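After this come two complexes, each holding chain A, first together with chain B and then together with chain C.
This part shows the complex of A and B:
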């Protein structure tokens, strides 16, 4: 066994817990997870069956944690994890899994297949079998502070533009603010309207907020590549800033995996509970709505639909919030066929968008979303994840569709009841 | 058990006075083709036939002439006839009587006395070799069979005379099939089931006290459609109805599996709908379709009403040692054995758990931190 494989097997052993063992032993081989996976559905290739993607992890479970497996490996009969196996599985574990969690949702015995893929990635990266795109992103995240290489300078430049355009002051490093606002690199580089929307909505709501100069980035490449060591360091930066500024709530932006990383994995990674609340921006906006602090006027006239970001909706449980918010500003809202917790992924989550080799595959996977869109024919497509947004725009461009994609937060800001009109 | 290929339709067409086909009869009565097809699907599914057979069955039934049936009642209580005629009213019994030309039946025929016996003789003559004899009730053979006579003839003689030229015999109810109540200890009349007396003709047993009416309708439909008897088990019962035990298909089975039993008819367990095994339920030893087909048009079955299964469709059910006595009680000290087994299980589980924890913590000890430098190298 080479050193790399030894490290992978060791990482698998570390990751396998009681639920993993229960999942593997209760799999009934029904194959329903295949039908739930858009990579299988759109390619028709059975190798993309979700449970099959877990073969290396399953082998380690069987040979190390079951009686028959232990006996079989004593006499050398247990199937082994080899470097070739891991190399072959790289595409299955990374390129063809957006960690969307639909397979976990449909599994009749309740196996969290997606959760196990996340564990399996720990072993893959330990053996060095992770895609270059994700390795690069992780190293930039640690060294520069953002997977896309966005520096504090770029953030400051954006703040400068914003302040000049709107006359508002963007709070940075304000101790004692109620909310700490994070952003994804995509929002800093491609969608500056998000920060402007936050500034306007929070001002109207009378909520105090701040950006932290040492923790503005919400994304977590460590989660995507599957390295807890790296994920922990990135989460810790946010926790340290939140504790230093004594904020009550940290807000994850319109980004899918950032929410998973902060809210669900975060406390487990650092090994203690957060002294603050971790919320998604849609949850906070929905609270504002309920308290009457978010008031809108006018409606979008276009026929609108909402693409559910998997990590926020299915994995995160933020299902009704976006719909209540959309109802405030949309007259003609249509749901796609499978929506909410049974939505179909855009095709590029879980790090897939950062993997160059997966370019063609992710566009094939997008065809599922295209079929859904063709069925309801919206004039505008709304979502709440910058990564979904990029993929949706690219997929539509590639397939000759022309539907503008908009973010939910920025749309709410456009319809914000201004103080003048509120008074009048 | 195969009946001559040429028998069925030709045989039936012969002469039941009314030579219209079943399809024409039903149409005249306002039964739509759709309703008839639906009924055929129901029968096909009861017989565990593939769904594709339903249209074939409907077509075949529609073309068939009505089957001549002579119904003999011996030592019985008329419960079987009641069950049949009061089934899924109006569809099922109506349709059954559309399938058949019931040429002789004590309870249902209008004729009486000599005219009634004349009808039986006429039917036997007209449909020689082609009629079906349905029997309910057991036959007394002690003392020359004097304990039950009809029109001066003993049951034994009537049975012999009538089945001689029959095409098949259907023993309806537990008395005809297995002797039933009359045969119960001490059996004063020397009652025997039909199978013991009719040995040269195929006999289908449809036991039960009374039997499920759908079973009889489906068996008749099968004979009319295919001209052969349905597949039977070792006791001559159609497998499609008697292939599984009441227990295996019982909705209270999960409680049995969890060891949750009602101990009396008014305890908490009974109120919670737990398993009635300890109250004497014979479900585990009874092959019948009560739990799936149910009674009164699918309304419920005895266990659903809170009463244990009596095992009425099994041979000798009267003499199985009391309706409310549990089937069998475990020998030996179950509690102690279970405690020891559970203890052993805990020890083995703890040992396996400790081993796994050791494996996992060893793996943790060998954890090699993933660093950025390393990512850039590989």
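This part shows the complex of A and C:
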């Protein structure tokens, strides 16, 4: 066994637990998971069947943790994990899986296939078989502090513009603030509206908040590439800043996987519960709404639909919050056919957007969303993830669609009742 | 060996051996799975996982609507087979007597014409399942010996049982002996094939239901 393969096998073994074993033991090859996966449905290629993406992990489970498998491997009959196998599976494990979690919702025997793909990626990267785009993003995240190479200087520049434009002060490193606000690189680079929206909404709500100069980035390439050590270091930066600034709640931005990374994987990566709450911005806004601290005026008149970011909704559990918030500002809100926990992915989650080789495939996968959009014909498309947003915009441009994509948080900010009008 | 000897052998010593392998096999498989354990989850749950896990153990029996639309053959044939098979296995009076002998307790059965019908339904569904597996591109792509063997192991008891019931093909003792033999084959190989999903699927559903449930997502 080459050193590469040995590292992969060890990482797989590290990941395999009772649930993995129960899942592999239960799969009856019914193929229904394929019918839930946009990569299979839009390409029609059976190799994209979700459970098939797990063959390397399955081999290690079978040959190491089952009686027959162990006997078979003793006499050399068990199918082996080889470097070539891992190389071949790279496309299946990364390019063609956005970790959307839809397959896990429909498998009749209840397999959490997505969760296993997350585990499998640990072995893939251990053997070095991860896409270059993700490797680059991860190393930039570790070295520079952001997968897109956004530096503190760039953040400060954005803050400077914002303060000059609005006359508001953006709090940085304020100890004792209630909320620590994180951003995604995409937001810093492409959607500065987000930070402005936060500043205005939080001011109106009378909530104290801060940005941390050493932990402004929420995204976590570590969990996308499947490297727990990288993921841990990135989460730890946030935890350290939150503990130093003694905040009560850390807010994950309009980004899908950042939420999974912080909210659900974070405490497990560092091996202890957080001493603060981890919340998605939509959860916080919904709390403000419930407390009467978020008040809006006026409505979007356009026919509007909402694209559920998988990691926030299906894999995150923030399902009703966006809908309650949309109701505050939209008159003509229509749901797409499959929505909420059964939504269809934009096609670029789970790190796919950072994989150059996956460019064409992710646009093919977008066609699923296109069909959904064609069915409801919205005039505006709202979402709550900067990564989805870029993919939706690119996909629509490629396919000649012209629907503006807007973020939920910034739309709320546009309709914000100013403190004066709210009091009066 | 006469047909009667053969029947006595399958009913007696061979059945005991099959039963022991079946039970020991199940135990081995479950231990294999459970000893792997699961790491503690430190994330703050949105709600308890236990109830959601229990719920998913049952709710996954019904397909999501989109799946039903995209793969009706797989869903419906699968459903009909499972129901037909379970009715025949669990509600046929001679079977219940066998369970009574092994378990020490029994339950009421259904009239034989219903069982006959259920058995036929199960067999027809199994043929559809097989054709579907051979024709559907995804299933054909995924399937191998490990998928066709369990099909055969399940089909044999059904067809032999039906032949016994209608006194067809072979004299009663020989056919019954064959039926019991096919069941024993099923029992012996059960723990080491995909037939295990009969039990592990509930474990799998529980794990997934609980994991999703903690996050506040009904799965």
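Criterion: the second predicted complex is superposed on the first by the 422 of 424 C-alpha atoms of A that agree within 3 Å, B and C clash if a C-alpha of one lies under 4 Å from a C-alpha of the other, contacts with A are read in each partner's own complex, and residues count from 1 in each chain.
The criterion applied here is as follows: contacts are C-beta pairs under 8 Å (C-beta built on N, C-alpha and C of every residue); 3 or more make two chains touch, one makes a residue touch a chain.
Source: prediction; values computed, not measured.
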Problem - chain A as common anchor, with chain B and chain C clashing or fitting - result: clash
Exercise for the section: Identify the partner contact of A:242: answer first if only chain B is touched, second if only chain C is, both if each is, neither if none is. Expected result: neither
Exercise for the section: Once the structures are superposed on A, label A:100 by its partner contacts, choosing first (chain B), second (chain C), both or neither. Expected result: neither
Practice task
Check whether A:7 is in contact with chain B, with chain C, with both or with neither, and answer first, second, both or neither.
Solution key: first
Fill in the blank from the handout: Partner touching more residues of chain A, chain B vs chain C, is chain C
Problem - Partner chain in contact with A:16 - chain B first, chain C second, else both or neither - result: both
Exercise for the section: State whether A:182 touches chain B only (first), chain C only (second), both chains, or neither. Expected result: neither
Practice task
Mind working out whether A:229 is in touch with chain B, chain C, both or neither, as first, second, both or neither?
Solution key: first
Practice task
Please indicate which partner A:65 is in contact with in the superposed arrangement: first for chain B, second for chain C, both, or neither.
Solution key: both
Practice task
Look at A:162 in the shared chain and tell me whether it touches chain B only, chain C only, both, or neither; answer first, second, both or neither.
Solution key: neither
Fill in the blank from the handout: The only stretch of chain C that collides with chain B once the two complexes are overlaid, out of 91-99, 127-135, 145-153 or 181-189, is 91-99
Exercise for the section: Identify the overlap between the chain B-contacting and the chain C-contacting residues of chain A. Expected result: 16-17, 21, 65, 67
Handout entry: Residues of chain B that touch chain A when the two form their complex
Key = 352, 356, 359-360, 362-364, 366-372, 374-376, 378
Fill in the blank from the handout: So, in the complex, the side of chain A touching chain C is made of residues 16-23, 25-32, 34-36, 40-41, 44, 46-47, 49, 51-52, 65-68, 104-112, 115, 263-268, 271-274, 277-278, 313-319, 338, 341-342
Exercise for the section: In the complex, go through chain C and note every residue touching chain A. Expected result: 28-29, 32-39, 41-44, 46, 56-57, 60-61, 63-64, 66-67, 70-71, 74-75, 78, 133, 136-143, 147, 192, 194, 196-197, 200-209, 211-212, 215-219
Handout entry: chain A residues within the chain B interface of the complex
Key = 7, 10-11, 13-14, 16-17, 21, 64-65, 67, 125-126, 128, 130, 135, 138-139, 142-143, 227, 229-230
